[in-house]
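We call the chains A, B and C, going by the order they appear; numbering starts again at 1 in every chain.
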Amino acid sequence: MLPTFLNISNKVVPELIEQSETALAAAHSAQAAADTAMFTTNNLWIMVAATMVFVMHLGFSTLEAGFVRRKNVVNILFKNSMIIGIGLMTYWFVGFNLMYPGVNEGGFFVWPKFFLNPTPQDMTMAYGDYTYWTDFIFQAMFAATGATIVSGAVAERIKLNSFLIFATLFVMISYPITGFWKWGAGWLDELGFYDFAGSTIVHSVGGWAALAGIILLKPRSGKYTPKGIRAIRGHSIPLAAVGVFLLWFGWYGFNGGSVLNANPQLVSLVFTTTSMAAAAGAIGAAITSYIMFKTHDVTMVMNGILGGLVGITASADSVSVNSAVIIGFIAGILIPLAVSFFDKLKLDDPVGATSVHLVCGIWGTLAVAIFGNFDQGVGELSDQLIGILAVGAFSFTFAFLLFYILKITIGIRVSEEEEEKGLDICEHELPAYN
Amino acid sequence: MLPTFLNISNKVVPELIEQSETALAAAHSAQAAADTAMFTTNNLWIMVAATMVFVMHLGFSTLEAGFVRRKNVVNILFKNSMIIGIGLMTYWFVGFNLMYPGVNEGGFFVWPKFFLNPTPQDMTMAYGDYTYWTDFIFQAMFAATGATIVSGAVAERIKLNSFLIFATLFVMISYPITGFWKWGAGWLDELGFYDFAGSTIVHSVGGWAALAGIILLKPRSGKYTPKGIRAIRGHSIPLAAVGVFLLWFGWYGFNGGSVLNANPQLVSLVFTTTSMAAAAGAIGAAITSYIMFKTHDVTMVMNGILGGLVGITASADSVSVNSAVIIGFIAGILIPLAVSFFDKLKLDDPVGATSVHLVCGIWGTLAVAIFGNFDQGVGELSDQLIGILAVGAFSFTFAFLLFYILKITIGIRVSEEEEEKGLDICEHELPAYN
Amino acid sequence: MLPTFLNISNKVVPELIEQSETALAAAHSAQAAADTAMFTTNNLWIMVAATMVFVMHLGFSTLEAGFVRRKNVVNILFKNSMIIGIGLMTYWFVGFNLMYPGVNEGGFFVWPKFFLNPTPQDMTMAYGDYTYWTDFIFQAMFAATGATIVSGAVAERIKLNSFLIFATLFVMISYPITGFWKWGAGWLDELGFYDFAGSTIVHSVGGWAALAGIILLKPRSGKYTPKGIRAIRGHSIPLAAVGVFLLWFGWYGFNGGSVLNANPQLVSLVFTTTSMAAAAGAIGAAITSYIMFKTHDVTMVMNGILGGLVGITASADSVSVNSAVIIGFIAGILIPLAVSFFDKLKLDDPVGATSVHLVCGIWGTLAVAIFGNFDQGVGELSDQLIGILAVGAFSFTFAFLLFYILKITIGIRVSEEEEEKGLDICEHELPAYN
C-alpha cells in the first residue's frame, strides 16, 4: 500500500484543509447573502403594505365625503386630512411605545417612554423580519384608522375642535392600550384571544367609539321624524364608490401586511381569503337588501364589501378560502340588518360605520372560533368573547367619557343654525363645490 | 518521504471529510435559502400585480361612470361593484378549474371540477414561481375584466338583471374556455398563437361581447337622429380621467404580472414597452382627432392611452421599446377612426369600449407578428389571425346567443320611459348626486 | 504510526479533493442565486416605485383640476394627460441620454445621443442594482413632473398649444440639463451639493418655471382688483383632496425609490421621514393658517402636506425622524406665508404650486445643511445655496425665455372672451360636467 501514499504530501494536506475552509466560508457568505435578500424582501413587503394601508385613509375620506351632504364635505375632508397627520404624530410621540413596550413592560399603568430612539441594531435582522422604522410606519398607518371610523359616524353635526381633541386623545391613548393587550403581547394575547389583523383591535375599537359618539351627539336634525325615518342621501355616490374600491385595495396591505413577512403560503392565502370575503359580502348584501327593500341598493353593496373585509380581518390567515366565502357572505347579510337595527334605535350613523366596523368586527372575531384552523386553546369562543367584551368595554367607556367631558365643557354639537347651513360654510368658509 | 506523512493522522482524515461535508451542507442550506428568497420575491410580485389588476376595476368603474349621463351613474357603479364580486366567486366556483385544468384535460367538452382544493404541495416552489393561491387570485382578477368591458358598452339602456345574468355566465363559462385555448395550454397555444397578457384573450373577448350586446340592444334613444349623430356627453370628465390613469397604473400589474415571475430583464422591459405604448397612444390619438375633428378632444386622448395599452398587451414582453412606440402610436390613431366607424354603423358604445378593446385588441395581436422577436413558428401572422378569429367567433357567438336568449325571455332593454328617467331612479331609487 | 495510515488510500485523496471542490462550487452557485434574488428584489422595488411616481401624475391632475374653476377642468386634464405622454416620449427621445451621459460625457455643450440602445449587459447586475429599463422608466416618470407643476400655476389662462410647446421643450432640454448637474454626476455633484430625491432638481425646477410663467402671463382677470384680492375658489375640493392623498402615496415611490435599491435600513428611514414630514406639514399649515385667517382652511392643510413632502425630499435619507418632523412643520408654516406673499406681489398661482414646490423646495434644500447627517464637505450651506441659485437661475431663465418667445410669436394668453367663457368650451368644445 505504501507507494499509493506518495501523492499525499505535506503540501496536499494543508491545501485540502484550506480548500474546504474556503468552501465553508463561501457557503457562509452565500447564506448571509441569501438571508439579506430574504430580509430585504420581507421588509419591502411590509413597507409596500404600509403604503396600501395609507391608501385606506384616502378610501375612508372619499367614502365618508361621498356619503354626507354637499354642505358638509369640506368638513369631513378637513377632519380626515388632519387625522392622518394627528395619528402619525401621536403614534411617534407615544403610541408606538405604549402599544409595543416589550414583554413584561408597559401597558395601562406603566408610564410609557416618549418619542422613538432606535439603536443601529434595531435596523437589522436582529429586530425581526423588518427594521424598526418599517415596524413603526406600518403600525402607525393602522393607528389613525380608529379615529377615521368615528369621523364618518359623527359627521354632519360634530364640532370640529371637539372632534380633533377626541381624535388626538383616542388615537394617542385608547387605541394603543387595547392594542397592547393583544398585539403587544399583553393579557388578551396570553389568554388565547386571536385577532389576526384587527377585526376587534382596530375595527370594533373604532366602531365602539363611533357608537359612543352618536349616542351622545344625537341624530342629525330631520333624520328621525314623527312620520318615520327620512333617508338622508349621500351627495356623491361615485365618490363613495371610489372610497370602497380604494379601501378594498388598501385591505391587501392591511391584512396581507399583518402576516409581518412575505411568507408566500400565508400572504397568498390571506390575499385570497380577503378577496373572497369581500366578493361574498357584496353578494350577501345585494341579495339581503333586495329582499328587505325591494331595490338594488348600491350603498348596501358597498357596505357589504366593507363588511366582508372587516369580517375576514380577524381570521384571514387561519381559515380556508371556502370558510372565507361564508364569513364574508354572512357579513354581507348583516349589513342591511344592522343598518335597519341602528335606525330603529334612532342611532344616526350617516355612513354606516357602526354596521360595518362594529357589527362585522364582532362577527369576524367570533368567526375565528367557528372557522379557524387552530390547535386547542387558541381562538376559542370564550376567549374571543372575552376579547370582544374587554376591548369593547374599554374603548366604549374611554370614548364615551371623553366625548362626555367635551360635551359638558366646550360642547360637541354645532348649533342648529350651523347644522342647517352646513359645516363647510360655518367652520371652513368654503363650499366643497364652486 | 515517510516523515512528512506524520501529520496525516487518523484524526486529520475524518476531520477533513467532515469539514468538507459541513461545507457542502452549508452550501446546500444557503442554496435553499436563496431559492426561498427568490420564490418569495417572485410570489410577492405576482400578488402585488394582482392588487394592481384589482385597481383596474376601480379604473373601469370611474371611466364608465364618468362617460355616462348623470342619470345612469349609480347603475354603472352597481354593475361594476357586482361584477368584481361575481367574477371572483365564479372563478372560484368553476372558472379557474375550467381555464387551467392541466395538460390534456379540461376545455369545452370536459366537465370541470368545482371549487378549489389545493394540496400543501401546491403552496410550495414545486407549483412554480408562486403558490396556488397567488396563481388563483392573479388570474381571478383578470376574469371579471371581460364583463367590465361589456358593462360600459351596453350602459344607459340595459336591464340590470339581464346584465348580471349575462356577466355571470360570460365570466363563468365563455372567458375561461377561450382562456384555456391559449393560457391553459390548449390548441391555440400548441398552434403557436401568441398573446402575452391578453390583447385577444382578455380585451378582444370583452370587445366581441360588447359588440354582440350593442347590436342586440340597439342605440340609446336620441343618439342617431335623422339630422345626424348627436354626441351624448359623459357627465363627468374628471371621473373618467381618474379612470384612465388608474387603468394605466393597473396595467403595470396586468402586463408586468403576466411575466409570471419578477425576472428583472423581462418585467422592466414590459414596464417600459407598456409605458411607451400608452404615451404614444395619447400622442397618436391627439394628433389624429385634431386632424379629424379640429378640436383638442380629451376623450380621444384618454381612449388613445387605453388603446395603446390594449395594443401592447399581446407583445409587451417580445418587442423592442421602439416598436412599442410604433404599436401604441398606431393604436392611438385607430381610436378616433374606430369611434367614427362604429358611429357610422350606428353601433352605439357610450364609452368607446369596442374601439379600445376590440379594435386595438385585434391590432395588438397582429402587431405580434410584425414586431415580435420570436424564433420561427411562434406568433406568425397566420397563427395570430386564427387566434383572433377563433376567439372572436366563440366569444361573439356565446355573448350573442346569451343576450338573445335574455332578450326573448326577460328582455334586455329598459322601457323608453325608464331610459328617459334614467336607470338610477328606476332601478336603484337613488340619484348619483344629491 | 504507519498502520493508522492505511485508510488514506489513493481513493480517499481524490475524493476529498473532489468533495471540497463540489462544496465550493455549490457555495458559489448559492452565492449567485442569492445575488440574483437580491438583484431581483432591488429591481422590483424600483419598478414598483416607478408606478407610484406614475400615480403622482394622477395626483397632480386631480389636485389641479379640483383647484381650478368648473370652466377650465377639461383643459387641465387634457394638459396633464398629454404631459405624461410628452414626458415619456421626450425622455426616450433624448432626455435620458442628456441627463445620464456617463462620467466625462454629455451635459450642456455636448450634443447627446438620440433614442436608447441598451446592450444585453445593461439588463444585468453589471448595470447596478436594477436593469437599464428600470433605470429609464423610474427616471422618466420623474421627468414630466416639472411640467406638471407648471401646469397648475399657469392654469385658467394659458393657450393650450403654447403650453404644450413649452412643456415639450422644458422637459426635453431644461430638466435633463440641471438634472445632469447633480444626478448625472455633473459639477454640482462634484461640488458637494446634496439633493436626495429632488427638492431642487425636480420640485424647485418646476417652481421656477411656474414663476416665470405666471410673471409673463399676468394674473387671471378679476383676481387682483382695486378693492383687494378676490379669492377664486377651486371648483371641487374633494377632487383636490384625492390629489393630495395620491401625491402623498406616490411620494413613497418618489423618495423611497430614490434610494435606488431596496436597502431595508435606508428605505424604511425614508418612508418614515417622508410620512412624518407630511404629517407635520399638515399640522404646521393648519395652525399657521388658523392664526392668519381665523378659519380651518382645508386648502392650506392640503398644501401643507405637499409642502412637508417637498421639504423632506432633499434630505429624506439623511436626517433623523425627529428632524423630519421639524422640517415638515416649518414647511407647513411656510405655505400660508408664501401664498400670502405671492398674492401681495400679485403673482397669481391658482393651485399654490410656487408656494409648495418653489418655496418648500428651497427650504428643503437648505434643511439638508441644517439637519443632514453628513461627513464634512457634503451638503454644506454654501454648496446648497450654490445649487439652489444655479439650478434656479438656469431653470427660470430657460422657462422665461421660452415663454417670452412664445408670447411674442404665437401668444401665450387666451383672449379675455375665452378666459371668461372658459377654456373647456373654447379649446375643447366640451364642458367637464354635463
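Here, a contact is a pair of C-beta atoms (placed from the backbone, for glycine too) under 8 Å apart; a residue touches a chain by one contact, two chains touch by 3 or more.
Not measured: the values here are computed from a predicted model.
J.: Kindly list the shared contact partners of chain A and chain B, in label order.
T.: Shared contacts of chain A and chain B: C.
J.: For the Cα fit of chain A against chain C, please give the angle of the superposing rotation, nearest 5 degrees.
T.: Going from chain A to chain C via C-alpha fit gives 120 degrees.
J.: I want to confirm something about chain B and chain C. Since they are copies of the same sequence, is their interface symmetric in residue numbering (over half shared, so same) or not (under half, so different)?
T.: different
J.: Indicate the whole-number Å distance between the mean C-alpha point of chain B and the mean C-alpha point of chain C.
T.: Chain centroid spacing, chain B to chain C, equals 30 Å.
J.: Can you list every residue of chain B that touches 2 or more other chains, as numbers and ranges?
T.: Residues 5, 8, 16, 19-20, 23-24, 26-27, 30-31, 33-34, 37-38, 41, 44, 48, 236, 242 of chain B touch two or more partner chains.
J.: For chain A, which residues are in contact with chain B within the complex?
T.: Going by the criterion above, the answer is residues 5-6, 8-10, 13, 16-17, 19-21, 23-24, 26-28, 30-31, 33-35, 37-38, 41-42, 44-45, 48, 52, 69-70, 233-238, 241-242, 244-246, 248-249, 252, 256, 262-265, 267-269, 271-272, 275-276, 278-283, 286, 295-299, 301-302, 305, 321-322, 325.
J.: Report the residues of chain A in contact with chain C in the complex, numbered from low to high.
T.: Spelled out, the residues of chain A in touch with chain C are 1, 4-5, 7-8, 12, 16, 19-20, 22-24, 26-27, 29-31, 33-34, 36-41, 43-44, 47-48, 50-51, 54-55, 57-58, 61-62, 65, 73-74, 77-78, 81-82, 84-89, 92, 115-116, 123-124, 130-134, 136-137, 140, 160, 236, 239, 242, 427-434.
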